[in-house]
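Structures given as structure tokens follow.
Shared between the two complexes below is chain A, which has chain B as its partner in the first and chain C in the second.
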Partner chain A sequence: MKSHAGVAGFFAMIFAVSGARADAAAVFGQGARSAGVARADTAGGGAADAPRVNAALAAEPGTRVRIGYAYAALGLDFNGRDLGVAHVSGVDLALQGGGRVSRDVTIGAALAVHLPDPYLAAIAFRPATEPQFVLYEAPLRRTTIDFVAAARVGPVAIDGGVAAGLGVGGAGTAFTLGQDGGGTFADAGLDVALPYRFAPLFGLRVALGRAVLAASVRGSTAIDLRLDNAVAIRLNDNPLNGTTEVRVRGSAGHDPTTIDIGARVAVGGGLSLLGAIEYAVYSAAPPPSADVGIDVHLGTTPGLRPAFVFAPGFHDTVSPRVGAELRRPSPDDAAWRWAVRAGYARVPSPVPDQLGFTTFLDSTRHEVAVGGGYHLGRVAGVDLAVEIAAQLHVLTARAEEKPSASLPYARFESSGTIVHGAATLEAAWR
Partner chain B sequence: MALTGRERLARAAPMIAVAVAACGLGGPGGEQRAVPSDGVGNFGSSAPIELCLGSARVVSPSASTGAGAVCVGHDAIARACVGDAGCAGIERCVCGRCIVEACAGGTACGEGRVCRDKRCTTICAADADCAAGERCASGGCARACTSDAACHFGERCDDLDGTCVTQICGEQIHCSSNDSCEAEQVLGELHEPEVATIDAASVAFVEIRSGGASPTSAVYRARVEGRRWTADPPTPVLGSGSGESLGAPSAVVRAGRVELYFATGGAAIARAVSTDGGRTFARDAAPALTALPGWEKGVIGSPAAVIDRDGATLLFYEGGPRAGVGLARVDASGHAVRAFDHPVISAADVEDPRFWRGITEVGAPYAVVADDAVRVYFTARGIEGLDATAGDASLPAEANDSIGLVSTRDLVHFDAHLGGPVLARVANLRAYLGEREAAVRVPAGGQVEIVFVASDASGASVSGLAAAP
Partner chain C sequence: MRARWVPIAAALAVFAAAPRAAQASAFEVLGFGPTGVAEVNARAARADDGTAAFYNPGSLAFGRGAQLAIAPTLGISALAAQGKTIGLDDPFGIAVAIAVTVPLEGPLKDRIRLGFGGYLLPGGLLHLVARPGAAPLFPYYDNRTQRLTVVPALAVKITDRLGIGVGVNVLGGVSGPASVQPGASGATESRLDLEATTRASVHAGVRFDLAKQARVAFAFRQRFAVPAKVTTTAEIAGIPLAVSVGTESALFDPAALVLGSSFELGAAAFEIDATWSMWSAYEGPFAGVRASLPGLDIASNLPAGFARDVVSVRAAGSYRVAIGASAEVVLRAGAGAEPSMLKGATQGRTNLVDGDKILGGVGASLALHDVLSVRAIRVGAGLGTQVVLATSQAKSACAALPCPADTVAGPDATNPSVGIANPGFPRLEGGGAFWAGSLGLEVDL
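Moving on to the complex of A and B:
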């Protein structure tokens, strides 16, 4: 009874926390192995992939440490011109450990961290009327931390976990210019908090002989920004004493809740086929632009309108993914020497027709991936393997015309290509 | 102070990132480029345009310092400049050279400056308020000198008290035989700017209204060099010597010809054609369009000609005055035929209870073809702001001129911009300014530029031309 209460408490905790956080791994995959099969590995990832691919993989016995680096060059065009969306790069770290607690039961846990190169997180709110690739700007440049724990009983593994990341909040900035007995003084304060936000992760994996079936659920993530900036002026005989407060509220880089269902089939000769369907709940996405409010209370107080941005009305999407992996001479984790991989995914755009003031840019993305790995074997008692992957993403050309030529960017085209590369080194103690 | 585990991690994370970057894995961190405005709002901040007639800047009477020329020694050489930052001391960059600003007293020199000894200089109370080598004389800084060489361009050394002073000159006041009279200001109000591309160069046409007992207006052509326009030729290309007030130029360029449509005193719109890049024009014998009663009330002006997608010339014009914008089609002979017997833009079309209310005047159209549609920018007078408060009292927002936009893809249905004006400036959060008579250039894929006449909210005080961004 006591253990049941503990499990219930764990799941209650991960359900109770609010959603937040998004990342590059959702687009490219975290680690070269996942990237090499275009993220079709819901049922076929490695144990170190557990936090990002399927949490149930964390129950694999052994200990694994993985470090990788990934770089993506984005060439996203608006009306034939590169919009200059920043390239994405960063370090991927993964740690997984699992052990057998009885003949049929194993448990494990895994942690994955993505550290973008230039920032902990890029928080970008651009004017809602400005053309922007809403899925490829701020969302791809943030630190992410994913933690999962899993248990496997015979062929069935089930798990739960959380994805964690930073938000931005706190009392914000305050500045006071006043006068007292000591004369004129200035007082300034800065209170910016970086609270963690959590999103739930769940996974299920069932091994059925040559086939493996799996499902994974990942909660929505984003960076929530809530900053207040206040200036107070209190000077003797000043007709404009008072306060000015600027409030900024927004949610940057939303990543939607995703539900993945996948399968892996070993067809023989070291060849495995992978397939997955991902359902992404973009319909709950908040506006990618921030609400801004300004309250001025001075001697003369201007009438200012707060700027509120409407929900973007994104569509939910269903993305099919397929992949293949050939490991020789044996597909077994301990006995393979080299591997080659390939994958393809079609990712529809959640962005609806742009009929008003916003010009959100995106289009159906075709993703082709190739990869490979080399198993170095045991070196100083550690099992080492290196993996590489390359991806080409093509955003199909999308042309739109708004109903009125008096709307911003009333006629536009968008398209683009993304080239992504990743390399990882994994050390395992089995 | 003890840290929680979460706080420790938050503090450690930047160090981890720094350590990783230090290992040579740091990648790009550049910020994204801004998207050029497409001309539907978001023009950016504006700056004044300087129009030069020879060495003199055309200055609106409301912005004049009261003096237009200074005596300059024959051997004095001015420093060339692009902006005020390239000049020394109290000199200002006027039409490409550094010179002191002549003045005739009053407060025309602007904030922080004062008119002393016939030129604008730094205000002071003691020598310590002035730059090195200067002294405070009668509340204004002046350079100490023993010869003219120590003075700014436009000053002479006063041998009696050893400071630099300025002598203004003009038709009634002459310089000594050792000096020449250097013009730096010409009074005139700039209106209805037009910017066209002629022979791959940017060329402007603008109306200059001169004041006095019998105000007249004429059309000038100018080379566009950034924010400086230089009249070329320095005399009017239309309206000179005839005694007739001509203005509101609008140009279309076709097959090496410049067709200039212009207003002729209120009753008609005429056309003139140039085959030498707009330096000289031959005026058509008959007007292109003559005012009618009805909504035009016998007054038309502010033509805005544009070549549409089919190669036809469309002519938008103001009727009323400022009662609305009409549309006519121009045939090959230059004769215009009205498309409708009503305005295609009226106050009722623009009125928006939330973003632009109380519209009383609509006019001064400017038409461009962009994105396969015809855009018509116009000037309307109305209120775009909310009321302010002072204590318990309400301060109603001021009506002012602002730039609006309507577009059409079929020349039948005209859609107004839904968010109120596309250009409306505000100073100090609630001081509304006036913008009118816009000209807009929409380069393919590039930054849209708008040029307009800047004024105060009342529209009575015109400060000159401005451009954004």
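Moving on to the complex of A and C:
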């Protein structure tokens, strides 16, 4: 059995490198069960939740596959008007397999994938001086692939894994506008690469009778961009003859390193209470805007001001989350018939007061979640369950006034609401 | 317990990989695993493991249990044009094949199989290189091994003799606008909206077993290409620039129809496949460009209609030699021929090279049954070659303005036939060989 698990885990790990990275799941939760308790399930998720909730959950005997769909409508306002931040939707997949090595030891691995509807990833940079909701634009619009492996010895489970992502690089584009005896011609070369990027995942879970304690760490992720565009113009008697090179560097959709500590207590009668604290290291975030470099060697001598990139100066945040789940007639994974759950989270904003050219928008977010599930039982040899969840996020109103009226958007106000829904179907072979 | 959860785990791995699926080019050029390399891809009627996701998803239905395989694969180009060797940008990758029977009960028991074929580059998802228009290159091989390949497939065994299957062949391209303009501070600022868009095509197939020893197969692989396009607008010192560079058909694979049949004679098995590859839809390996500058609006004039459909024939055989009660060696060989996908028309600035190809391959595998708690473990090796026969084309110098598209010109408009620097002038020549090697480890669970 051990060798089988190793082979399966190895191949699963290979697949993990094919994806991109976070992260709609970090805001809404991956799967309806996690979403229904406002992501307070660090210590209480199911085995298929392992890659996103706590990797230690993967060490559960059996095999599970889960497919779901989630949609979030974002209504984020700037000075009273909707800023048009794109809605977020996509398919969630989760796989988990585990087996018993000995009476007290189990091992397992799990894979979670989030696929946005229209594309694998979007890489968006706005001009730094433009108002923008930096946490809700590019970060929510990319494929997520997380792989974890875990081992459990008695009541203690430990794990490790990777979140896989992509960058955008390569030599860039080169364009030559030239002239020969046949007339003018345009020639181009293109060198684009999508290199892999990885971030580490770790988790720990201890079961103490009715109580479960858990902790998880997730490394930071982002889509790094390096795009060069070289233009060469060689025409007879043209004052623009020469070369222009535009270099763009940036890191889109940064997700910070997060540290989660949580607990679950089985109160009785199928009711469990969940609590978690998430510490997000936003202070290491790179600028959300791209750095631009330009080299111009033309027949004319332009006057250029160098591009600038502001350090965003984000704050680290601490987010408390609480939730409750009622499963009847039994809380056991194989015996429950129906479930209801609810949760609440308060997520402070990492964005500091805007005092200069930038107008980064965000405010404290209150999140309320509800959900439920129905266990269909065995169908054609497969144990099936369906889950649904809904969330309402409210971004409190935030008004700011910059120190000088000559700065862009010297006075502004932001607020917003987000409505999220998710549904999942889980198949299990225990 | 073990027999129950292991195949399920493999199935889940297949399912998880499905949405990230990609392209099949590396398999077409290199072969899929040591068996595909050795048998020159003549596998449509016999592949029933994960490689069937590429060769014929219908054949996947006839496998049993779960198989996992990994095969590091290397391509080496000894192709030369104008006396210079043209190598591969990314010659190494790892092929992965997984197949599993979905553990259902009732009438669906042992009827549904999932398969997965993948080719993973060590450094990234893809590496697209579009060369300048005059650079000599072999379009049949250019860019075709430089991307992640992920082909998940689902197969159903309708009857004990008939299987059908379908796979999805997906990859993401990169496209979108980028602008560089003076911002509110007066400095240049950038606005980018690049999207790694999803492109998908279908693999489908049918296999019908005429008898236990004789099979026929039909497979279809839809045309596949991804966009790679970046439109840059900039304002440099008050001078507006707009340049769009890219292609809508990067990483191109032609649509292909495969008709195959196989039969077995004792320990020997033979297969012959005919493949119709629709290269005529190929728009070319070049990046197009459109530029707008003050007083000037120009677009590249790329050649069109230079490729043609081709039919290739491939044959392969294998022979099993038992070694004791629980081991066997399988010897493999294949051969085939494929015409050039270029029409051979006289080219202007471009220098595309391709020739008729002679295909060959050899390989062997060792299988150990019922060891280490698994049904079988196989190790194998395959070596293949594609000999591209020498090809030559005379180039025409432009004699008078306006220069026809199938000529090349020097820098002087008053005397365009003098000083021509096109690398293919006066004669474009090329040929050589392309080699592929693969080592594989396969486990039947």
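As a convention for this text, the second predicted complex is superposed on the first by the 388 of 430 C-alpha atoms of A that agree within 3 Å, B and C clash if a C-alpha of one lies under 4 Å from a C-alpha of the other, contacts with A are read in each partner's own complex, and residues count from 1 in each chain.
Please note the rule applied: a residue touches a chain if its C-beta (ideal position, glycine included) is under 8 Å from a C-beta of that chain, and two chains touch if they have at least 3 such contacts.
Keep in mind the model is a prediction, meaning the values are calculated, not measured.
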Chain B versus chain C as contact partner of A:E137, first or second or both or neither: first
Partner chain(s) touched by A:V91 [first = chain B, second = chain C, both, neither]: both
Partner chain in contact with A:R411 - chain B first, chain C second, else both or neither: first
Chain A: partner with more touched residues, chain B or chain C: C
Which of chain B and chain C A:G268 touches, first, second, both or neither: neither
First (chain B), second (chain C), both or neither touched by A:F357: both
Which superposed partner A:G209 touches (first chain B, second chain C, both, neither): neither
Touching partner for A:T129 - first (chain B), second (chain C), both, neither: both
First (chain B), second (chain C), both or neither touched by A:L115: both
Chain B and chain C contact sites that coincide on chain A, given as residue numbers: 91, 115, 118-120, 124, 127, 129-130, 143, 166, 194, 196, 296, 300, 302-305, 357, 408
Chain A residues touching chain C - in the complex, by the definition given at the top: 1, 3-5, 7-8, 11-12, 14-15, 17-20, 61-65, 91, 93-100, 109, 111, 113, 115, 118-130, 142-143, 145, 166-168, 170, 173-177, 179-196, 225, 227, 229, 231, 233, 235, 240, 244, 246, 248, 250, 289-290, 292, 294, 296, 298, 300, 302-308, 357, 380-382, 408, 429
Chain C residues within the chain A interface of the complex: 1-2, 4-6, 8-13, 15-20, 22, 68, 70, 94, 96, 98, 103-106, 108-109, 118, 120, 123-134, 148, 150, 172, 174, 176, 178, 180-198, 228, 230, 232, 234, 236-239, 241, 243, 245-247, 286-291, 293-294, 296, 298-301, 349, 372-374, 398, 401-403, 407-417, 443, 445
Of all residues in chain B, those that touch chain A in their complex: 6, 10, 13-14, 16-17, 20-21, 25-35, 38, 40-42, 370-375, 385-390, 395, 397, 405-409, 415-419, 429-430, 445
Residues of chain A that touch chain B when the two form their complex: 69, 71, 78-81, 83-91, 115-120, 124, 127, 129-132, 137, 143, 166, 194, 196, 296, 299-305, 357, 404-411
